[in-house]
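The same chain A turns up in both complexes below, where it pairs with chain B and then with chain C.
Up next, the complex of A and B:
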C-alpha cells in the first residue's frame, strides 16, 4: 500500500480534521462520533443528515453546507456508521421542524439508522424523523451488502433537492415525498478499471486484471453484472447508457440531469470524454439535458472508473437543482 | 401477584452481565461449531462496558436504565449481536419508560415488543433457530402464568426460565435459517444455537438470583 497516511486506523479522523481546519468558519467537527456539522446550524427548517461509510468523498462529509446536508456522520472506510454516531448526530440536530435521515440502501446502514431513529424517538417522543432510502444502482437486484438495489452517486440529486427545499421551508413530509420522487426518477451504473485499497486493510478489496473491467461495480468494489475486457470508450458508454436509460425507462422529450461521476482514480479528461459520449447518447434518445455534472461526487477511494447517472426532472426538481448551495469543495 | 421492583430489575441486568462475562469462551466455542466463533467475545465486549459504566448509567427508572444499557451494548458489541441485543434492551426500555416497578403483564408486553423489534431488525422469524425462539418460549410461559392467575412472580420466572432453557434441546434438530449459522444449511441440524443457549442460561441465572 502506498498512501498519504499516518496511522491507518485514524484515517477517517485525520481526513475530517483536514476538512475542519480548511473550513473552520463554516463547519464544526466532533471527532468522537465522526460528525461534521454546519457551524451556522439553522433553527427554522427541517435539518438533513446522511451517514454511509467513508471512502466515498466528497460524499458525504464534504457535502455539508447551506442548501445541502446539515450534518454527516460517516463510519469507517466502507463501513456503516455505528448506531451511536447516528444517534449522537440526530440529538445534535434535534429541532421542532424535524430531521430527515438520508440512507443509502445497505444492510449495515439500514440497521444502524433504524435503531438510532427508534432510540432518538424514545428519548424525545415529540421529535419527528423522516427517512428516505436511496437505491439508484441498476446493475444488480441484490448484492453482497444489500437486499434490493444499492445507493450510489444518484444520492447527490436527492441531497441537492431536499437541501434546497428545506431552505424554502418545506415540511418534513414534503421533503420525504420530494426525496422519494427524486430517488424514483434517478438511475445509475458504474464501471471499474481498477480496484482500491482501504487504508486499514492495506490490500486491494478485489483483484482485476490489467485488461479487465468490472461492469456494474458497486462503490465498495462489490461485483456487478460481469467481468469483461477493456473496450473503446464508446462501446462501454453504449452499454452503460442503455442499461441506465431503459431501466426507468427515460423517454424522448424527458428533461434530465446527467452526471459523469469519477470513482476517484480517473482523470477529469477521461470524465469529460465520457460526458461527450453520454451527451450524444442523450441526443439519440431524444433526452433534453437540462443540467450536467462532471467530476468526483461519490468515489471508491482511488478506484479508476466512472458511473453514469440520469435523473428525470420536472419544474420543481429543476428549480431545486438550480438553487444556491455551498459546500467545502470549492474551485475559487 | 407481586410486582418486580427496580432493585430486582437491576439484579436481572446484573445477572445477564455476569452470565455474558463468565461464559465468554464457552459461547464462542459454541459459535465455532457452525459460525465464526465470535459470539461469546462480541457479547462479553458489550456487557463488559455495561459492567464498567454501571454506576454512571441513568438509574432514575427501569426504562431509563435499560435504554442506557441498550446504547452501551449497541455501541460496543461487534457483528449482528449489537443491534439484536441492543434492540432487546431498547424495546423493553421504551416499554418500561418512567416505571420503577413492573407487573407481569407489563413485563410480557415489553418482551413481546422486544421480540417484534428484533424480528424487524434482523428479518428473522420464530422457528429460524435464533435467540427469538428462546425468548418466545419464555414469554409464552409467562403468558400462561398470567392466565392461571398464579400469585407468585418468582414461580412464574422459574417456569419461564425452564421453558427458555428447554428450547436448546427442542431446537437442536432444526435448520438454522438466519445469521451466520444459516450459511451451513442442513449441517446446522444437530447443533446448538449459541443465542438460544445464552438466553436459557441467563433466564436460569435470573430466576436463581431473584430467589436469593
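Up next, the complex of A and C:
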C-alpha cells in the first residue's frame, strides 16, 4: 500500500487535524468523536449535521461552514459513525430551533443515527430532530450495505439547499420538506475504472481487470449493474446519462443542475471532457442546465471513476444553490 | 489504458470543449489554437497569458478568469504549445498597455514563447510584451527537458499576484517586477507514488515499483533526487519540507503561503493529512502561515503524489493573494 499516511488506524484523526489546522478561524475539532463543527455556531437557526463513513472527502467533513453543514461526525473509512459520535454531535448542536440529521441510506448509518436520535430525544424531550434520508443512486435497488437505494453525490444538493434555507430562518419542518424535495428530484450513477484501498485494510476493496469497468459502482465498491469492458467516453456517458435521466424521469424543458463528480483518482481534465458529453446529452433531451458542478464532491478514496448527478430545479431550489456558502474546500 | 476519453489524439480539444460548455458566459474557445480566453476581455489593463503542456489541469487552462489569466493556449499533453498557438493568442490580446507572458522554465516552452514574442513584436513594433519565467522546483538543477530549475505549482502564486495587480492598473514593467519577486520567493518539491499515462501515448511515462516513491519528481515524470521506499507521511514531509525551506532559505518570522498540491490521483483526505504535517513544520521553523492552499493546482494527469510549495509574503503580495478572482474551478 502506497499512501501518504502515518498510522493507518489514525488516518481519519490525522486528516481531521489537517482540516482543523488549515481552518482554525472557522472550525473547531473534537477528536474523541471525529467532530468538525463551525467555530461560529449560529444560535438562531436550525442546525444541520451529517456524518457517514470517511473516505468520501470532501463529503462530508469538508462541507462544514456557513450555508452548508454546521457540523459533521464521520466514522472510520467506509464505516458509519458510531452511535456515540452522532449523539455527542447532536448534544453539541442542541438548540431551540431544532436539528436536522442528514443521513445517507446505508443500514449502518441508519442504525447509528436512529439510536442516537432516540437517545438525544430521551435526554431532552423538548429537542426537535428532523431527518432527511438521501438515496440518489439509481444503479441498483438493494446493495451490500443498503436496503433500497444508496446515497451518493446527490448529498451535495441536499446540503446546499437546506444549508441556505436554514440561514433564511426556515423551520425544521420546512427544511425536512425541502430536503426531501431535493432528494426526490436528484438522481446519480457512477462508473469505476479502478478499486481503492482503505488505509487500515491495506488491500483493495475489490478486484477489477486491466480493461474492465464497473457500471453503477457504489462509493464503497459495491457492485453495480454489471462489469463491462472499457469503452469510449461517449458510449459510457450515453449509458450513464440514460440511466439517470429516465429514472425520475427528467423531461424536456426541465431546468437542472448537472454534476460530474470525480471518485478521487480521476483527473479534472477527464471530468471536464465528461461534462462536455453530458452537456450535449442534456441538449438532446431538452434539459436546460442552470448550474454545473465539475470536480470531486463525493469520492471513494483514490478510486478512478466518476458519477453523473442530475438534479431537477424549481425557483426555490435554484435560489438556494446560488446562495453564498463557504467551506474548507476552496481555490483561493 | 483505462481513461474517460474518446479519440486520444483529441483529448485536449475534448477537454477544452467541456471547459467551454461549462463556462459559456465567462469564456471563449478557439479550438484551432487550443485557446481559452475571457469572454469579457478587459480593454484597460495589461493582459496576461500562459500555456504550457496540457495534463497539468487545472493549470493553466482552467486558471482563466477575472483576477487570474486573461487567456491560455496549452499544447498537447506534456508538450509545449506550438509557436503559432502562442502567436495567435498574443495577437488576440494585443492592446496598448501590453501583454505579460508567463512561461514555465522548460526548453520547449522557452523556444515556442521566444519565437512567438519575436514574431508578434515584428508584426507590431508598438506592442509591449513582458516575460516572467517560473522555476520554483528545488528538486534538481537541470532536468530532462530543462536547463536550470523546472516550473511547477508555484505558478499559481505568480498568476494570482500579477492577475490582481493588473486589475489594479499596474504597468507591464511593474507586473514583470512583481512576478519575478513572487517567483524568487517561491519554492516547491514533489513526491510521486505512481506514474501516469498520457492518453495519446497509452503507456506510463515511467516505471515505479509497488513499494517505491520518486523524491523530487517533475510534473512530466522527470527523475528527482532519488528513488526511495514508501515511508510514513511524517518522514516524507520532513524531507520535502527541509528541502524547500532551506533553499530560499525561509527564516523564522517570515509570513508564508503554504500549498499542498495534489498531482492528480491523490485523495484530498491525504492532502489534508499532509497539510497538518506541513503546518507543524512551519511552527517548528517559526514560519507564520498567512494563507493555505490544499487541493489539485498543478497536476500530472492521474499521478498519485503531492508537492509542497512555500511562498514568502510581504504586504503587497499578501494583498494580491487575498484579492477577488474567479476561474472555472469552483465548488459552488
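Side notes on the structure shown:
Just so it is clear, the second predicted complex is superposed on the first by the 332 of 332 C-alpha atoms of A that agree within 3 Å, B and C clash if a C-alpha of one lies under 4 Å from a C-alpha of the other, contacts with A are read in each partner's own complex, and residues count from 1 in each chain.
The criterion applied here is as follows: contacts are C-beta pairs under 8 Å (C-beta built on N, C-alpha and C of every residue); 3 or more make two chains touch, one makes a residue touch a chain.
Keep in mind it's a predicted model, so treat the numbers as computed, not measured.
Within the superposed three-chain model, A:8 lies out of touch with both chain B and chain C [touch as defined at top].
By the touch criterion stated above, A:119 is placed in contact with chain B alone, chain C being left untouched. Contact with chain B, but none with chain C, is seen for A:87 once the two complexes are overlaid on the shared chain.
In the superposition on chain A, A:204 makes contact with neither chain B nor chain C. Set against each other, chain B and chain C touch different numbers of residues in chain A, with C touching more. Contacts of A:66 after superposition on the shared chain: neither chain B nor chain C is touched. When both complexes are overlaid on chain A, the residue A:31 reaches neither chain B nor chain C. Touch criterion not met for A:319: it reaches neither chain B nor chain C. By the touch criterion stated above, A:332 is placed in contact with chain C alone, chain B being left untouched.
Judged by the document's definition of touching, no chain A residue lies at the interface with chain B and also at the interface with chain C.
By the touch rule above, chain A contacts chain B in their complex via residues 82-84, 87, 111-112, 114-115, 118-119, 122-123.
Listed in rising order, the residues of chain C touching chain A in the complex are 1-6, 11, 14-22, 54-55, 57-58, 62, 160, 193-194, 210-211, 213, 230, 232-234, 236, 264-277, 279-280, 292-296, 299, 301-302, 304, 306, 321, 325, 327-332.
Contact residues of chain B toward chain A in the complex are 67, 70-71, 74-75, 82-83, 86-87, 90, 93-94, 97, 117, 120-122.
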